[in-house]
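Chain IDs A, B, C and D follow the sequence of writing; residue 1 opens each chain.
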Amino acid sequence: MVVAVLGCGYWGPNLIRNFLQRPEVEAVFACDPDERRLEMVRARFRGVRICSVAEQLLRDPAIDAVAIATPVALHYELARTALRHGKHVLVEKPLTQSTQHATELIALSEHVGRVLMVDHTFLFTDAVQKLKELITAGELGELLYFDSVRANLGLFQPDVNVIWDLASHDASILHYLVELPPIAVSAVGARHYYELENLAYVTVYYENSFLAHFHVNWLSPVKLRTICIGGSRRMAIYDDMETSEKLRIYDRGVEICSKEGEEQLRVQYRAGQMYAPALRNQEALERVVSHFLECIRTGCRPISDGYAGRAVVAILEAAEQSLRAQGAPIRLSPEYVAPVPNGAP
Amino acid sequence: MVVAVLGCGYWGPNLIRNFLQRPEVEAVFACDPDERRLEMVRARFRGVRICSVAEQLLRDPAIDAVAIATPVALHYELARTALRHGKHVLVEKPLTQSTQHATELIALSEHVGRVLMVDHTFLFTDAVQKLKELITAGELGELLYFDSVRANLGLFQPDVNVIWDLASHDASILHYLVELPPIAVSAVGARHYYELENLAYVTVYYENSFLAHFHVNWLSPVKLRTICIGGSRRMAIYDDMETSEKLRIYDRGVEICSKEGEEQLRVQYRAGQMYAPALRNQEALERVVSHFLECIRTGCRPISDGYAGRAVVAILEAAEQSLRAQGAPIRLSPEYVAPVPNGAP
Amino acid sequence: MVVAVLGCGYWGPNLIRNFLQRPEVEAVFACDPDERRLEMVRARFRGVRICSVAEQLLRDPAIDAVAIATPVALHYELARTALRHGKHVLVEKPLTQSTQHATELIALSEHVGRVLMVDHTFLFTDAVQKLKELITAGELGELLYFDSVRANLGLFQPDVNVIWDLASHDASILHYLVELPPIAVSAVGARHYYELENLAYVTVYYENSFLAHFHVNWLSPVKLRTICIGGSRRMAIYDDMETSEKLRIYDRGVEICSKEGEEQLRVQYRAGQMYAPALRNQEALERVVSHFLECIRTGCRPISDGYAGRAVVAILEAAEQSLRAQGAPIRLSPEYVAPVPNGAP
Amino acid sequence: MVVAVLGCGYWGPNLIRNFLQRPEVEAVFACDPDERRLEMVRARFRGVRICSVAEQLLRDPAIDAVAIATPVALHYELARTALRHGKHVLVEKPLTQSTQHATELIALSEHVGRVLMVDHTFLFTDAVQKLKELITAGELGELLYFDSVRANLGLFQPDVNVIWDLASHDASILHYLVELPPIAVSAVGARHYYELENLAYVTVYYENSFLAHFHVNWLSPVKLRTICIGGSRRMAIYDDMETSEKLRIYDRGVEICSKEGEEQLRVQYRAGQMYAPALRNQEALERVVSHFLECIRTGCRPISDGYAGRAVVAILEAAEQSLRAQGAPIRLSPEYVAPVPNGAP
């Protein structure tokens, strides 16, 4: 198996490092138009081969798979070309800038029979895997809300706003964990420095009373990475900034005890124990790369396949439209955001 | 000075305790229609006099001032009657259920020349006072955003939703600290147990790029009380759950260094020191009560007067309307939300 | 039942408040030679009766029980007199300044058939009760160590050093939870401001490899209240500064897998889940007072009886001697520190 | 410059990585008797040259400098041989197993005119550098105590107890920051699994009232890395487990206001602001390696030279003796523990 990694900015080198560690990968090519970046990659990973022209690698029949870690605007073009040349493709999040492009890539990957996977890294963390397991087993009961905060100082992106950058993580986790079809999205944001939003609040609406909300922020004095999932039986907090006990499950909740016709509201609060399941400390990207290679080998559909990628893009696209429409809710196409069936990498 | 406290539920006894501690208060009456509550108050505060009929106290010429800690729905009626009988009035937050009622109370209090004060307790904490001082002195620079989270398990209120209950705190702090006129409010929420929202997100819009957002939640597994204020020079986090260092000031921020015409975005991140100013530990309600008595004595206008109370009600009222209109932004009447002039209790 | 509280400094008013709340207590007397303190007590607790001469109360046949919250130096004299006059006695920690005095009080209380109880408040917290339950049930396995940190800024005591003030808590918890007989104590300390130690480290030795250690400190910039108990099956951390989840149980440990004769050490680390049992939030002192009154009524021996009080004094006394002997270990008389039999308030 | 790293266990690869990143290093040799480790190093660092016989490298005239990351028992022999062959030497902490050996290495390095440096990594952290700066500038006032806790689960060392493993860090930081000569050391510990202590408390005594204490623990359910330094003007807490604000300076303290002859103790507590200085996030080992190479180039004496290394060994050696003598204080030879003169890497 020969792999090419396109884009050697922030994330590319992590992909390179992980592909280099896989025994089934015979060679890794690194590609970037910026020669200095290529030089840094060469210095750091002595075995890697470098190339500054993506087109060349995409046409090279010796290359089996391509990982695309370029600016988002290039994802669609590069993935399309790679698929057309029969490569398996792993694309960084978000998959594309539009659901239309995502739809095309899905169709193309099915047509050519190649793997199309999105690097929704967080799905491959132990915390999210454990949450999936607990939710599937009914441990949280009926899901009531999903609230996430993803804030830090920087990195301001030159090409996409904070929603496309940070909320893509939350949308992918939401879509993976919550098997309910969202129906609309609204978003508000603020631009303090240039023409892109650096702070935003995104709401995802569902048919029932479930509600999801993301707070994403490039202008926070402290780094926050928190997801709280409220369930009728238990509630979970996933705090990725904790060095241990990242995931905590609370046996807490509420029961309304008033009988019908009673005037007074009687509520009982359950404040039982909290526990933090033991989590391994494996690097999520190692699992992403391993899952991608396994899907290539077995022909299985990836956990974060094109459909999952499109569902995330659908939410981001709607959020963007809502931002432009003063926060008006934008309806989602049901076929784009159908929940993922149960499964685990 | 003789004071009557109407309502002996959760908050009333705190008012009674604080009035009893003031040397200028000669007698305190406690009033509640529920005899058991009166009995508990009598047992706990041996000097207090009790009465189960508010009307009686409101008419009693021996009583100089009234503190109203009843369900919100009764605030307007009781305050109006008290003012008409020439009493000074301290009302729990929120002042009323409508801006119209608030406007009437303001006019009435001015007509009869009596103090009308709202118990916006948080304004009287050392943390908020210090924040006011820092903002007024320009220490935070231009204000960019206000983000608050107020979450815990319960208490579900039988008569008002989580916005009227919890966001009233945030709205009062926002109105006090940020001297910019908000122009609109939107809100989304979820009802999981009965006909009132137990979880809500409120956005307050301003003419410039400043944005305020409240997350209020009665169904959180953990108690959170956090306000983050982003400024161009510094940022502040007020975490009321900390036992010490509740307020932290971060010398952190962002500067855009790209020159016009430059293609690439160049951003510099400033990550300087953090400091936590020393705060005293005085009970905020002690200051509320002391400020109320002082305003009665001196004729000064309270920090949290009827106008401040109405501004808060205006935000809550608009949030409620937005909830009913699927999150559509509701414009605020400028005269209701004019910023408070600088001042300190 | 009529109760007299001797000493109205820091802790006395808490005792008064709690005795006043008990239905079986008909009257509470407060006693202090300082008239200002008496006045404050009278103002705060309107029903309480005051008296500035302890002797008078101790002789008063109308008084059934006495709680002694004076400086430590007076405990012995007052308790002795009270017992001689047939009163039941609750003494603040530490019971006395010497094991000899403690022994006398034990003998006297048995002779007159009156309750002698020490206010080892922490034993009555939910956290320590839960720990007792877990240890008794073998949940922690074999106990390996007890490490506590009790640090804050102040209050410098004029009459006793930090060991007598703070370590009395740790010694009482240790003696209650760990049913092993300690054999010796050593202590080192530092005096930075006057002739009494404001910082000390106390080690309690046992026959087997179990070890206990207290760090007590009046000169810490932050308040710390942590006890860690290592067991072969699980470990517990009780952090009293947490607002919730004060007690956490960790399924963590170590197993040595080397076989005999093997050269290399092979160790396996178990890092399983952590859980925080649900704890109620009852005031510990409320339980102390209730337990004292119950022991008076039923004739049962208190959890923290004279023997427990003497065991604590034995540890403090030995620590004091070790301090004076440059940290040399001081042996404990086995009869003074015999472990408490299982039991719960 | 050609460098050989001896020992490719836990720490060796970090040295290799850092030497490889230095432009002045032309080649890096890795050496370990264990072929599997060599293979892992070869796979990870493609440019590195490997060798399984240390002796061979130590004699190779092409090699300029040697970094020794083997088990402690081999430090002395390998460093001696390296120095005799004219190599510059960087040794992992602790330098040797005895002060006698350390003294020999110091003399030898001076004789051959080669650099002898100990990898006291923590001295090169931003936090310790900032502490040094603050202490030197008198910001903390007179130093009163040094309290450290270094606890986690594992790694049980096969050859040295927890004092030689973990307390070496604390001793090196103490010796660097506190310019007072310690006079004696005592230690107590517990062995729960095999013949070496896995838990220990070490006290370092000084002539004045300054006191230092280390709690080191391989059997803690949570990872703790805390150093508290009490000063008469300010106090500092360095918590290495914090992801940001690792160092906090508290303007807190105590003043005794009693006048001589006064009976009552009057104490004033100062509880001023806390601040967390901005720290860079450079890897400390990068600075260690850079400082070592710079000392080779310039002939300057390293911050953590042989004398600093010996001072640490002196403390550990005395602690070990005290452990064997039931905690009796062991006097330190003044010439071994003379404080380091001011300086910064």
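The criterion applied here is as follows: a contact is a pair of C-beta atoms (placed from the backbone, for glycine too) under 8 Å apart; a residue touches a chain by one contact, two chains touch by 3 or more.
Everything numeric here is computed off the predicted structure, so don't read it as measured data.
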{"item": "Of B-D and B-C, pair with higher C-beta contact tally", "value": "B-D"}
{"item": "Farthest-lying chain, centroid of Cα atoms versus that of subunit B", "value": "D"}
{"item": "Same-residue or different-residue interface between subunit A and subunit B, half as cut-off", "value": "same"}
{"item": "Computed distance of Cα centres, subunit D from subunit B, in Å", "value": "52"}
{"item": "Separation of subunit B from subunit C, taking each centre as the mean of its C-alpha atoms, in whole Å", "value": "42"}
{"item": "Where subunit C touches two or more other chains at once, by residue number", "value": "222, 271, 274"}
{"item": "Touching residues (chain side subunit D, partner subunit A) in the complex", "value": "45-47, 222-223, 241, 243-244"}
{"item": "Residues of subunit C that touch subunit A when the two form their complex", "value": "245, 251, 271-278"}
{"item": "Residue numbers on subunit A that touch subunit B, as the complex places them", "value": "144-145, 147, 149, 153-158, 186, 188-194, 198-199, 201, 203, 205, 209-211, 213, 215, 217-222, 228, 230, 232, 235-237, 248, 250, 252-254, 256, 264-265, 267, 269, 271, 274, 326-329"}
